[in-house]
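Order of writing sets the chain letters: A, B, C and D. Residues in each chain are counted from 1.
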Amino acid sequence: MESLATLLSLKEAIQEYVHDGATLALEGFTHLIPYAAGHEIVRQKRRDLTVIRMTPDLIYDQMIGTGCVSRLQFSWGGNPGVGSLHRLRDAVENSWPRPLEIVEHAHAGMAAAYAAGAAGLPFGMLRGYLGSDLPKYNPQIKFIECPFTGERLAAIPAIRPDVTIIHAQKADHRGNVLMWGVVGVQKEAALAAKHAIVTVEEIVHKLDASPNAVVLPSWVVSAVCEVKGGAFPSYAQGYYARNNAFYKAWDAIARERDSFEDWMNRYVFGVKDFHEFRSAVEAARA
Amino acid sequence: MESLATLLSLKEAIQEYVHDGATLALEGFTHLIPYAAGHEIVRQKRRDLTVIRMTPDLIYDQMIGTGCVSRLQFSWGGNPGVGSLHRLRDAVENSWPRPLEIVEHAHAGMAAAYAAGAAGLPFGMLRGYLGSDLPKYNPQIKFIECPFTGERLAAIPAIRPDVTIIHAQKADHRGNVLMWGVVGVQKEAALAAKHAIVTVEEIVHKLDASPNAVVLPSWVVSAVCEVKGGAFPSYAQGYYARNNAFYKAWDAIARERDSFEDWMNRYVFGVKDFHEFRSAVEAARA
Amino acid sequence: MPETHYTADEMMTIAAARMLRNGTVCFVGIGLPSAAANVARLTHAPDVVLIYESGPIGTKPSVLPLSIGDGELAETAETVVSIPEMFAYWLQGGRIDFGFLGAAQIDRFANINTTVIGDYRGPKTRLPGAGGAPEIAASSKEVLITLRQNKRAFVPKLDFVTSGGHFDGGDARQRMGLPGKGPVAVITDLCIMTPDHATKELTLTSLHPGVTLEKVMESTGWPLKVSTHLAVTPEPAEVELSVLRDLNERTARAHAGQA
Amino acid sequence: MPETHYTADEMMTIAAARMLRNGTVCFVGIGLPSAAANVARLTHAPDVVLIYESGPIGTKPSVLPLSIGDGELAETAETVVSIPEMFAYWLQGGRIDFGFLGAAQIDRFANINTTVIGDYRGPKTRLPGAGGAPEIAASSKEVLITLRQNKRAFVPKLDFVTSGGHFDGGDARQRMGLPGKGPVAVITDLCIMTPDHATKELTLTSLHPGVTLEKVMESTGWPLKVSTHLAVTPEPAEVELSVLRDLNERTARAHAGQA
């Protein structure tokens, strides 16, 4: 028997479900990235996390730079359209603030591995990594043979996080979740996890979902947390646009350890929650 | 370079794309079954077809009973909620009107095989057929081993029809197709085929699709044919309901060869097109 | 059998409905399983989650579907997913608490046949086939089976194993890698049988009111084991009967209306 | 180099745009590929179908996305699919005519590196990594590569092969089972190179206006083969330049506006 999602504060949800040493996936492909949840994990100083994400983005840069993470599984680790994730690079190149083990894939492999996790299969299969050096360095990439044609196909172990955290546009009072637009791999990531935490822009009486909408029923979700603006500086379609200027500004903030730590102290450790964070960022810009 | 869908009459589309000996999939899981297209194939007297469909339904009963089909790949061959498909049974049990080779699966295997076809993979994989006798009689069902866990999983060759025919609610003037509700395996079946023919309830100026709607872009569709009511006696959500009474009435019509042939002569061979068929059926009921 | 104010089919449907615990997730087939699941939803289990293999998740139909994908199911669902997603993410993904199956033949270990009577290559009767059943039987956490009881259906040896129950008993399921617990009850128009804890052989545990042990025995094609704690199934309550009959009437009206 | 009324980057973008035939289906990355694809759409190829790996199919953005999944892409798309569907049904399914890639390093057979400079275990520079590139390179019917030309980028041997081009040349791709034709052109700020028909080694086929052969040679880390029919790339037309500049201005305004 499945239990329904509990409506919790984000602080409570992270306290209850995210433990030191856990394997986490915070997904969101450019859109609906769960920034508020990432900040809360940083504030609660979780350690030794294995974090999984196709596109680490700024939020993993922050989690890595503040020492939450010991292992990263990913497929593209840059600041989109801007350049490097400097904290990720500093961890890989210089082990700062601590060594970071990386498990590196291509997008197609990660997508197949999440889908396998959602489907309860032990591995995902794709025509992938052909001629790439990635399999030389990642023992998670093996090859199998088609029993009918003999074709060689790549096999990747299913991703099964302890906790997946995603951000969505809406939930209803029972905890059913609705998202739309660039929905990425979030449904798969949520279904692959032991526990799914969903932050949402708003909790509404009725979802008013279109007929084949991307809905996660309450009984596959452990906790729903209302966090308006919780995907900033990423975006929530129908609510606010991507703050591309913030992404560009991050390059200078994260480039040096000092400027990064100053920023984190001021805007993440120095605030109570994501609402205060956004107010502080707004104030600094004004 | 992909070419856009051509707007054709159904008669022209069947003439152009459906040839004797071809492998066809007419999909639609209870909803949006392409009846009009099936009737047109019967009227054009195609022969030696290999037909694929998860749930053969009345339309394949008609195609089999009129001798179009030499081979059937399927996973559930009944009249839903009513009983047998008598023409399918007569073909399997008594080779009437001609012998019918069957390739038999379970739904999960067919679904995985269609998805593999759409994904350009040589086979679909599932945890399936465990302890079932089906693999003893169907050489299409093999087993592979997970390279990480050693688990034994079923493998089914990808389905790749020469032509897939589906029915959808709408297309726009460029041939982009929109469907909603019970969408079954139609997207996969269309993408797995060399050619996809789509009959639609109406051709509109603009699809007005919701953000993550099931849309087949024009460039993956070979022909679009406007056939109002083309899914009768199945249904088109938003247009008309399933005619459950017709499904029940079919049992008596198809039970004997004579009554079946009389009905086919009167309502399929005796009419010009599906519009005339529906008028004749309406008139008979009045 | 004494005269009752309900039919044997009504008893069977209601006994099956009672098995569904509130809040569980049920994968529902057409016919009796659909009736039982919706009676459960409209009586003791308002929060039961009904899933039909055609794609609707969390559906609340007001009339019973004739087919597995009637429009009513899609219109009242929380969402509708594709068939590949349904079988991969929802069934194979291990999210189904109860899978609900019918059968043409069943054996003492609750293996079932829905494929052929007679030889597969030259069948006496060709049945509809597997549909979703083999994987519903494999992946649901628990499986419920309902069918009418007679010697043609309850056979010592299946003509064809479509979907696995407990195979040859004991821990056979686990050894063969089937994830779910398998059949936990067989509910017929005469009685309820459950697998023995150790051997997994079906054991008569409850007779429907007015049904004799002899009647069950002569309707079963093997010497059926009988529980030492043989119970009598509680009669349908008024509310159960009226909900079921209302549902059947609404359904008959709706399906006839389109002729 | 003589003074021109356009920049080398503009020439590169427009040369790349010209490669996209009208009505083709293009899998577009961010940055220069996105600019080139949209210039093509707004000039000679109005029916080009643009697909971004984040999910939008048939998108028509009015400004260039900074990220691969900006809202503008979803809002103007015919539909938006999930990431697993995008990579399985659309890319691996063989539906992409042109895959458009950038690179940090490239070799003479158009293999590319976007992973590390230096040793993988102790890198000098850690780059973003593979993203969609290995499978875009494998499964697109044709691949276009754009990058600025210099000896740090055009190297005799890659530090890491992220995505396969023509491997060690000849029919290596086919032998290794990659479905698409592989790179058909490398477009830089200096010139256009295409693989030799037989050996698949990159061959200089067109110099951008004002660029000397010497300049190209000294910007390439191996002795570059030169076509016997060496052409000069036509200068950007006014309409191409104005479309590109309008697009860049609208984009700059849109991205700054949110700061």
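In the analysis below, contacts are C-beta pairs under 8 Å (C-beta built on N, C-alpha and C of every residue); 3 or more make two chains touch, one makes a residue touch a chain.
Predicted model only: the values in this text are computed from it and were never measured.
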Centroid-based (C-alpha) most distant chain relative to chain D: C
Centroid spacing, where centroids are CA-atom means, of chain A and chain B in whole angstrom: 40
Rounded Å distance, chain A centre to chain D centre (Cα mean): 28
Residues of chain D whose C-beta touches two or more other chains: 74, 80, 82, 88, 92, 139, 179
Multi-chain contact residues (two or more partners), chain B: 115, 120-121, 126-127, 151, 181, 183, 187-188, 211-214, 237
Each pair of chains that touches, named by its two labels: A-B, A-C, A-D, B-C, B-D
Chain A contact footprint on chain C (complex, rising order): 21, 23-25, 49, 57-58, 74, 78-82, 88-89, 92-95, 97, 139, 179
Residue numbers on chain A that touch chain B, as the complex places them: 120-123, 125-127, 142-144, 146-149, 151, 153, 155, 157, 180-181, 183, 210-214, 237
In the complex, chain B residues that touch chain C: 29-31, 54-55, 74-78, 80-82, 84-85, 88-89, 92-93, 104-108, 111-112, 114-115, 126-134, 137, 151-152, 181-185, 187-188, 214, 235, 237, 241-249, 285
Chain B residues within the chain D interface of the complex: 1-4, 115, 118-121, 176, 187-188, 191, 207, 209, 211-215, 217, 219-220
Residues on chain C engaged by chain B in the complex (per definition of touch): 30-31, 53-56, 65-71, 73-75, 80, 82-84, 86-88, 91-92, 111, 115, 120-121, 123-135, 138-139, 160-164, 167, 173, 176-179, 254-259
